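Several structures are given next for inspection.
Same chain, two partners: chain A is paired with chain B first, then with chain C.
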Partner chain A sequence: MDVLNVEYMLGLVPVLLRYLPLTLQLAGIGMVLALILACLFAVVRVLRIPVLNQLTIVFISFFRGTPLLVQLFLFYYGLPQLFSALTVIDGITATIMGLTMHFSAYMAESIRAAIVGVDRSQTEAALSIGMTNGQLMRRVVLPQATRVALPTLMNYFIDMIKATSLAFTLGVTELMGATQKEAAGSFLYFEAFIVAAIMYWIVVELLSKLQNYLETRLNKAYNR
Partner chain B sequence: MIKLSSLSKHFGETVVLDEIDLAIEEGEIVVIIGPSGTGKSTLLRCINFLEQPTAGTMTVGDLTVDVNRASRADILSMRRRTAFVFQNYALFANKTALQNIAERLLVVDKWPKEKAYQRAREILDQIGLADKADAYPASMSGGQQQRVGIGRAMAAGADVILFDEPTSSLDPEWVEEVLGLMKQLASERQTMMVVTHEMSFARDVADRVIFIDGGHIVEQGPPGDIFHNPKDPRTKAFLKKILATSPV
Partner chain C sequence: MKTLLINTVLAISLLAGAPALAQEKPLKVGMSGQYFPFTFVEQDEIKGFEVDIMDALGKEMGRDIQYETANFSGLFGMLQSGRIDTVANQITITDERQKAYIFSEPYVYDGAQVVTKKGNTEVESVEDLKGKTVAVNLGSNFEALLKELPYADQINIKTYESNLERDTALGRVDAFVMDRVSASQIIKEKPLPLELAGPTFSQITNANPFHDTEEGRALRDEVNQALATLREDGTLASISEKWFGTDITQP
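And now, the complex of A and B:
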């Protein structure tokens, strides 16, 4: 076994760091959009709104039932073929679309479960003082459902950060794409990818810290 | 001030309330007794629209609604006039005692924050929990939680407070403090409808005791008459059974 080229690895750090912001942007925008979509789906499912409920079920089934990579290729290569207006979709947009829809399907189910899990008598109490359904959701149900759903949602966020690496297959030069290019130039594949791996790892570790902090805060009301 | 006319509630084929007629004066303390599953709680829940009544009309204060024609606005309006105290307290678990009481003032009545919290603190004082303002329900005893539940109902400034077996979930050691608070409210002539199995409360506090069985008002009158001189055989049988276990 050859020794690791540590000097190369250290030199690669600042190079790859330039591409980390794009990775974080893909995941960050994807997460915000996926959360919004997932909340809408969850509310549609909980309230069983006719038609929308059925559509949501099919949507969730499809985006949970097919690989993310297939979905990305559908958005990037497939849609422009059907609708020429969609050729404007670039790799970044297609990645965000794919991440949003794929992960919203998963998150909708855990948000739905969390909403259903909120003590029914508190819902009645909120109605009994004259709250509207919207006020009930905003003030009583969603804050408590958030606490229940947080650990799983953070898991999906972590998964999404790593899933952004698939964007390189659509020609997006994010952390994974950049690493691929650097490695192909230097032939030091192990060094390049271990640096990338450590970068993903550190980001995820920082997120886990954030998760712990948020959980402690949200659990404040429930400590005896 | 409260008037129910031919109020009915059916669950499918089952008739839980059968054309109830009832009028309650302002400041009157009414205690509703009767066997389990005879529609006592359903009656209270219908008045607050937690259950949609099947037929009839209800008047609370200056609002009269035909239950089948009640708009969403009517239902909200009726709920705002009738405050509810739940058997299992049903406090908002994500809010402190103070916030539980202020919630209605802030969100429903749209009071400014400062005014709402000031009022909520006054109520905490009245219910003897000023020191628990920032405590969450999980850290309070059952008795304390139910007092906050009553405080939340008091904040509403409602025409009537509906108590649905307010002491039934409590450990015996907490029952007295909750009944004590209810007596205090009664002495201030807060209009109350109380479903309870606490016969001594009914005897000491009620202006009128109503015995419900099978979805009907079987008998009603001052507590002395009901407890010592019941007319209907069903009332007699019920009182005999319940007074054997908890004498008045």
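And now, the complex of A and C:
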């Protein structure tokens, strides 16, 4: 085996770090939008709002049922073929759109499960003391559902960060794209990809710390 | 919600350094940035034979060249959807591609080459590929060339997005097929135990594809004119000498 080229790896760190913000932006914006969308879907599903409920079911089925890469290709290359005006959608937008829709489909289901999982007696108790539906949701159901949904939502966020590595296929040079190009120039694959892997790992590790902190806070009421 | 999305995205694309609107429309050129020595990246800087050629063309035409990098499998999609004007990634002129696009004059003349792991005595020419697993780049023309061989059904073709040199050196496939020029260059400059197996087996010419529209044809003519000038004043030859030590821009 060749000796590991440590000097090359160290030289690569500042170069690849320039692309980390874009990776985080793609995932960060994707996550915020996906959360909003997923909450709407979950409410529609829980309340069984007619028509919207059926549409949501089809949406979730499609975006869970097809690979993210297929969806990205559809948005970026497929749609402009049908409507040429859609060429204005750039790679970054298409990636965020794809991440948002794909992950909102998954997240909607876990949020819905968390809401449904709140014990029925809680709702009954809240209503019996005269809370309105809004109060019931805000004060009783959602705080408990959040606690249940948090770990799985964090899981999706972590997954989304890693899914941004598909963006280079749409011409968006994020962390993975930059790494692939550098590796192609040097042929030092192991060195290049291990640097990228460590960067992803550190980011995810920091997020896990955040998750622990949030979980501790949300669990306060349950600690005796 | 929609406005929020658009606003956020606008903000982001500004942050990410969306190109400023230039007076003279830049020529948007797509390339993989992963094809040494034609297009590759070192320390965040795009380099290679194609980059030098396009830069020289841009200078001659008085246009800025704007490079867009994407995985090879995405490049023709970007061209098709009008996001780039042309592709500079050692694009081989084929009948199929000529149905969809118009090409500039060729500026690379080359041949298909079989490459094996060093010391492989089983594969020493293209005839030896019978019953073997052979790697080619996804979407590249070499897959089509292999399929034209009379014994094509006996070749197990494996397509790669990238890194096929590595997999051949690791012995995961018996050989890969690429153009002779880049194959020689990889063997010479990179720390991989590979060797050329036999002579080239098919002539290939590379050029830039453009849309078959009024705008595309105008661009193509502009590029052709600049190519002719650069050919005459020896610029093409000297760029080729710089990267390959030989002139591959002549037939």
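Here is the rule we use: the second predicted complex is superposed on the first by the 222 of 224 C-alpha atoms of A that agree within 3 Å, B and C clash if a C-alpha of one lies under 4 Å from a C-alpha of the other, contacts with A are read in each partner's own complex, and residues count from 1 in each chain.
Please note the rule applied: a contact is a pair of C-beta atoms (placed from the backbone, for glycine too) under 8 Å apart; a residue touches a chain by one contact, two chains touch by 3 or more.
A quick note: this is a predicted structure, and the numbers were derived from the prediction, not measured.
Peer 1: Assess the superposed three-chain arrangement around chain A: do chain B and chain C clash, or do they fit?
Peer 2: fit
Peer 1: With the two complexes superposed on chain A, say which partner A:Val195 touches: chain B (first), chain C (second), both, or neither.
Peer 2: In the superposition, A:Val195 touches no partner, neither chain B nor chain C.
Peer 1: Name the contact category of A:Gln81: first (chain B only), second (chain C only), both, or neither.
Peer 2: second
Peer 1: Return first, second, both or neither, reflecting whether A:Leu153 touches chain B, chain C, both chains, or no partner chain.
Peer 2: neither
Peer 1: A:Glu124 in the overlay: touching chain B, chain C, both, or neither? Say first, second, both or neither.
Peer 2: first
Peer 1: In this superposed model, does chain C or chain B come into contact with more residues of chain A?
Peer 2: C
Peer 1: To make sure I follow: the centres are taken over C-alpha atoms, the vertex is chain A, the ends are chain B and chain C. What is that angle to the nearest 10 degrees?
Peer 2: Computed angle, apex chain A: 170 degrees.
Peer 1: Taking the superposition as given, does A:Ile111 touch the first partner, chain B, the second, chain C, both, or neither?
Peer 2: A:Ile111: touches no partner chain.
Peer 1: Based on the superposed arrangement, let me know which partner A:Cys39 touches: chain B (first), chain C (second), both, or neither?
Peer 2: A:Cys39 sits against neither chain B nor chain C.
Peer 1: Scan A:Gln135 for contacts with chain B and chain C and give back first, second, both or neither.
Peer 2: first
Peer 1: Which value, in Å, gives the least CA distance between chain B and chain C in the superposed three-chain arrangement?
Peer 2: The answer is 28 Å, the least C-alpha separation in the overlay.
Peer 1: Under the contact definition given at the top, report the residues of chain A touching chain B in one complex and chain C in the other.
Peer 2: Overlap of chain B and chain C footprints on chain A: empty.
Peer 1: Given the complex with chain A, which residues does chain B contribute to the contact?
Peer 2: 48-50, 76-77, 79-80, 82-84, 86, 88, 90-96, 103-104, 107-108, 136-139, 152, 156
Peer 1: Enumerate the contact residues on chain A facing chain B in the complex.
Peer 2: Chain A reaches chain B through residues 119, 121-122, 124-132, 135, 139-140, 143-144, 147, 220-224.
Peer 1: Which positions of chain C touch chain A when the two form their complex?
Peer 2: Where chain C meets chain A, its residues are 1, 4-5, 8-9, 12-13, 15-16, 18, 30, 32-36, 40-44, 46-47, 68-71, 73-74, 77-78, 80-83, 162-163, 165-166, 186, 190-192.
Peer 1: Using the touch definition from the top, list the residues of chain A that touch chain C in their complex.
Peer 2: 2, 11, 15, 18, 22, 25, 29, 33, 36, 73, 76-77, 80-81, 84, 87, 90-93, 96-97, 168-173, 177-178, 180-187, 189
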